[in-house]
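Consider the two complexes below, in which subunit A is the common component and subunit B and subunit C are the respective partners.
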Partner chain A sequence: MASSASLAVPADPLSGRGLSMVRRVLLGALVLFAIVFPFVFTNPATTSIAMFTLLYVGASSAWNTFSGFTGYMALGNAVFYGSGAYAFANLASHLHLNGGMGIFALVPVAGLIAGLVALPVGWLALRTRRHTFVVITIAIFFIFQLLAYNLHALTNGSSGMSLPIPPWDAQTYNTYFYLAALVVAVVAVAVAWVVRRSSFGLELLAIRDDEDRALGLGVRTTKVKLATFVLTGFLTGMCGAIYAYYLGSIYPPFAFEAIFDVTIALMAFFGGLGTISGPVIGALILEPVQQYITLRFTAGGFSLIAFGVLFLIVIRFMPEGIVPSLAGVLRRRLRARAEGGASPQSSDSPPPGTTVSAAGVAGGVRS
Partner chain B sequence: MSALLELQGVWAGYGGSDVLRDLTFSVPAGSVTCVVGPNGAGKSTILRVVSGQVTPRKGTVTFEGKRISGLNPRQILGLGIVQVAQSHSLFPDMTVRENVEMGGFLLRDRAEVARRLRQIEDLFPIVVDRAEDKAGALSGGQQRLVEFARCLMLDPKLVVLDEPSMGLDPKTLKNVLQQVRTMWEDGRTILLVEQNVRAGLSLATRAVVVESGQVRLEGTGSEVNSNPEIAHLYLGGGTASAAVPASD
Partner chain C sequence: MGTELSKAVVDGVLTGGVYALMAAGLTLIFGVMEIINIAQGIFVVLAAYLSYVLQVHLGIDPFIGLVFTMPLMFGVGVLIEWGFVRRLKAQNRSALSILVTFAVAIVIEGILTQFFSADLRIIKAWYVDKSVHVFGFYLPYIYLLGFALAVVLLAALYVFLYRSRSGKSIRASVQNRTGAELIGININRVSAITFGIGAAVTAAGGMVFGATNSFNPNSGYDLISRLLVIVVLGGLGSIGGALVAAVAALVIEDVTAVLWSPIWASTMFFAVLVLVLLVRPNGLFGQAAVRAQ
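Right, the complex of A and B next:
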């Protein structure tokens, strides 16, 4: 019998139990390429698009670490993005810091503040499940957006807040932000990878599959979900902080933007929900496209229409997203090739829920 | 043989009504104790009490001499009591390997998890052969084996099985029962609830007959098996001479 283990193609090339040498080399080459990218492609428009792409890699990976792994579809992560942005602006303002490289040290601090914001939000929202959870996260987002307009002491309302201006020239201006965004993106993906490989990650997947069953098995579902939610808040907050510093000023509709929530979710869906590489691939494809369309066609909202059409195409033809769909195609081909010369008994097992004869099970017993 | 698990005067149930009424019995260490009884007798409730999913209203449950009634399922799991539920309890969208690893999620030492996984892979080849397949794609019998494999990840002292024969055809059942016997021979104490009396008593070193939430009869597997009343009520009038389906 052709062992299916030998045909194993992981649904996600990055979620394997360990990275093979080939994958390590490819991953190393990818990171190296990402590091040298702004020094090779120096056009500010290009580096600007690349910087935003990396921010979305980080934000989408963070979203996926919670929503993709637990199945809880959060549509309010802009709360953490905005909180990180305003935390960064407030810290820079109160500490009277000048623009420059040193101020990037505040990015993780802003992330921590966003993580703290995520604690009560998660505590409240995670008392619900499924559709109710989605609605609660959207409602909390709008509450925060309103607060941003009205908490003048923290946000300066609709007048917005200014941030320190970096002393860099126009040609290299984006490069610093690009590298900072790259660090955050790598951290977000690394966190997702570590979580996915850990027993903690298994608990998240168990919650996604059947929360009550996981509870019965002894998984502390509430604590596990809340911890991941806070982790997501921290990572998203760091992205927001870089975004605010890059813009040089921050206003409520930019910090707390509803389209941000849809975009990071769409990227994860597009690439492959619940996979490590899915949100990365989704962001690498969608964000440059969106930015290009915005630059090329100034008509407002055209990129959103294009996004919507693309989303429908993906849902129709690749509902699992790019990564799992391609892995599935590869797995089926390998299996078909391996079974080409095998006996009919080596075919797949019967569908779930049916019983099989001893012949089907005997292979599973070794006394 | 000393008692590993003891239920003393347990009253327990759901929503204010008692299913178990002053239930008392013990599970000797190293035994296969089989609880049999008709539908509604309280068999599954016994297991829920033992695993901490139902807290007794009165009475005590002790494990290795320590009181465990009132502990939550996670604490009880940590003591070495692992339950395999009646219905399919695997996570269908997780792979076979992930499901087995879930059995050891309480272990923080990844090296220990890997070591136990290797041991279990030796015992259950299906864990290797179907490692990357979704558990939901397995047949009922195969899922049972993966459930057994998962429950061994914590190296339990007491394995609690809720109707392992349910939904299996006779030939598959024989293999599953063989695996239960292997776990017992490996030194584990088994508490088994079975509605298939023949299958259950064929394995049991000790049997407990429960009716209406109380123990009606207790004894060795063969004593209960040969009891004419039990034979009349549960075995269609004959003794369980052919308790397990004959092998091919």
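Right, the complex of A and C next:
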């Protein structure tokens, strides 16, 4: 009896259609925790790390919505991050806005501009496939980095641009940015969820599995890919806008950072490529670690070595990502139990089984 | 203007040869293993530092030092292939290989920063500063020697690939990985050798790079972006294509600097790729067929 009851709970997140009551409650609790977080942990160092983590949740989720679903590995999303940052800086300075809450309204506008940038970039890059696509996105990233240095009218070159300074005191300063980042992160994850559940999302997955066959079956591949690419650009641009506002000034190497391109991809891989909860979990784990490494080893090459070793460990031991690996473990356990259920030994099912199930539920809730 | 322009073309051809030498390893590794080795940029920088150390601390001439640095870089390449690349699972292998080689590049960059700081260095030798007067141009010896080295090594690589047994195994693996395995070629061994050769050839490219440019551990990023452009422009996997593409891209960059402005020269370098891919999505010498996933 006991075993059949415990079976019912973990079986649900695996089947994964719609949101069950349990998942809804847990999801609500998670969002509530995220909202309350900066009011409980008020230390500016903590809230700063939390804010960056949320920006990466958004950016990695956006990356995954295109690259995870279509299988096209884009390694130039910093183009949109930087475009969003500079769009925001330009809007604020040309409209002569003062720092404060109201200016956050420009974040979606900056996102739209980044989305506009993504249109020609995507049109060009998506003429190619696989490795050539990867290299094209990297090359376009470097073109934009050079443009940021050269287009003085838009970026003020290497002297950088300063943004309006918000009038908030040091204790609550991060909270505003944190909440803005939270909104963008939730939007990015919600978009991923909606895309994944729609027929549009199915078309993306069809492209990932076999693009030529998808085309043959009537998927308008170019249009679908480009639309998703622009959507990713929009979401990533919003993250970049908040990043620029938070820094207070923006320079080409910060706006267009090569390591950003790879980090968001690694987060999605770490969590689980092509899953909805994967990039979220990946960013929630990796970004605080990265921030800690940066704080801990400021000088010299140690932080780089630590970064690289962290990356290598992640890739070595989590090639499939946390979510698919856990799901695999869970599935095997369930199968073992279902098969064992007939035999008498199964009546004393060990406690480890329940803990794994609990982890599976928590992982599934975020998807 | 006319002489400036022809000087830019000559410079472009000579530096193009050196870039081809640096890109040869990248395109070779891709051709055999379908792996984009992001660490290629830092390989160049590492090789430059090795030559620098040999020269400054042991007084070994950089060209003679290649006798030591090339085997050393061969070892580095084999070690990285064995330690990281080979262990990737087949699923998502090409994407994960980019992340792995990027991580390796960060670690090497960190180690170099730890040892040498971020100060700019340059390899000095008598032939670096002196020039020779040919056909009305003053050409620094190092560019001529570097170009000659590039031609010799690329020719040697060609002979190795087309005349030796190991080279045949490598080419067989390029054409059909599974087929090569079936006729008894040890793919793991071929992969390790390929990675080693790719790194060893880069040792020479890195030495010339270090003598013609000042470098620090951060130089790898600029290099890898340029090298990627060259190999895609030439067609992934084609060494001859990389040579043509390197020369073409460098000539265009140098000519842009003369005709327009040095500021836009490097942007033009990347823009060439964009323009070419508009017409030929597989590069100048790339195979038209896209292999199924």
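The rule is simple: the second predicted complex is superposed on the first by the 316 of 367 C-alpha atoms of A that agree within 3 Å, B and C clash if a C-alpha of one lies under 4 Å from a C-alpha of the other, contacts with A are read in each partner's own complex, and residues count from 1 in each chain.
Assume a contact is a pair of C-beta atoms (placed from the backbone, for glycine too) under 8 Å apart; a residue touches a chain by one contact, two chains touch by 3 or more.
Just so it is clear, the structure is predicted and the values come from calculations on it, not from any experiment.
Peer 1: Under the stated touch criterion, which partner chain does A:131 make contact with: subunit B (first), subunit C (second), both, or neither?
Peer 2: A:131 contacts subunit C only, not subunit B.
Peer 1: May I ask you to decide whether A:304 touches subunit B, subunit C, both, or neither, giving the answer as first, second, both or neither?
Peer 2: second
Peer 1: By the touch definition at the top of the document, which applies to A:210: first (subunit B), second (subunit C), both, or neither?
Peer 2: Both subunit B and subunit C are touched by A:210.
Peer 1: Where does A:202 make contact in the superposed view: on subunit B (first), on subunit C (second), on both, or on neither?
Peer 2: first
Peer 1: With the two structures laid over each other on chain A, which partner does A:102 touch: subunit B (first), subunit C (second), both, or neither?
Peer 2: neither
Peer 1: Identify the partner contact of A:220: answer first if only subunit B is touched, second if only subunit C is, both if each is, neither if none is.
Peer 2: first
Peer 1: Does any part of subunit A touch subunit B in one structure and subunit C in the other, and if so which residues?
Peer 2: The answer is residues 209-210 of subunit A.
Peer 1: Which subunit A residues qualify as touching subunit B in the complex?
Peer 2: It comes out as residues 3-5, 8-10, 198-199, 202-203, 205-206, 208-210, 213-220, 348-358, 360-367.
Peer 1: Provide the residue numbers of subunit C that touch subunit A in the complex, in ascending order.
Peer 2: 30, 34, 36, 84, 87-89, 91-92, 94-96, 98-100, 102-115, 117, 217, 221, 225, 228-229, 231-232, 236, 263-264, 266-267, 270-271, 273-274, 277-278, 281-283, 286, 290, 292-293
Peer 1: Per the contact definition, I'd like the list of subunit A residues that touch subunit C in the complex.
Peer 2: Those in contact with subunit C are residues 71, 73, 75, 124, 127-132, 134-136, 138-143, 146-147, 150, 209-212, 258-259, 262, 265-266, 269, 273, 300-309, 311-312, 315-316, 319-320.
Peer 1: Hey, which residues of subunit B end up touching subunit A in the complex?
Peer 2: Touching subunit A: residues 53, 72-74, 76-78, 85, 88-89, 91-94, 98, 101-102, 104-108, 110, 113, 122-126, 128-133, 136-143, 145, 167-169, 171-172, 174-176, 178-179, 181-182, 248 of subunit B.
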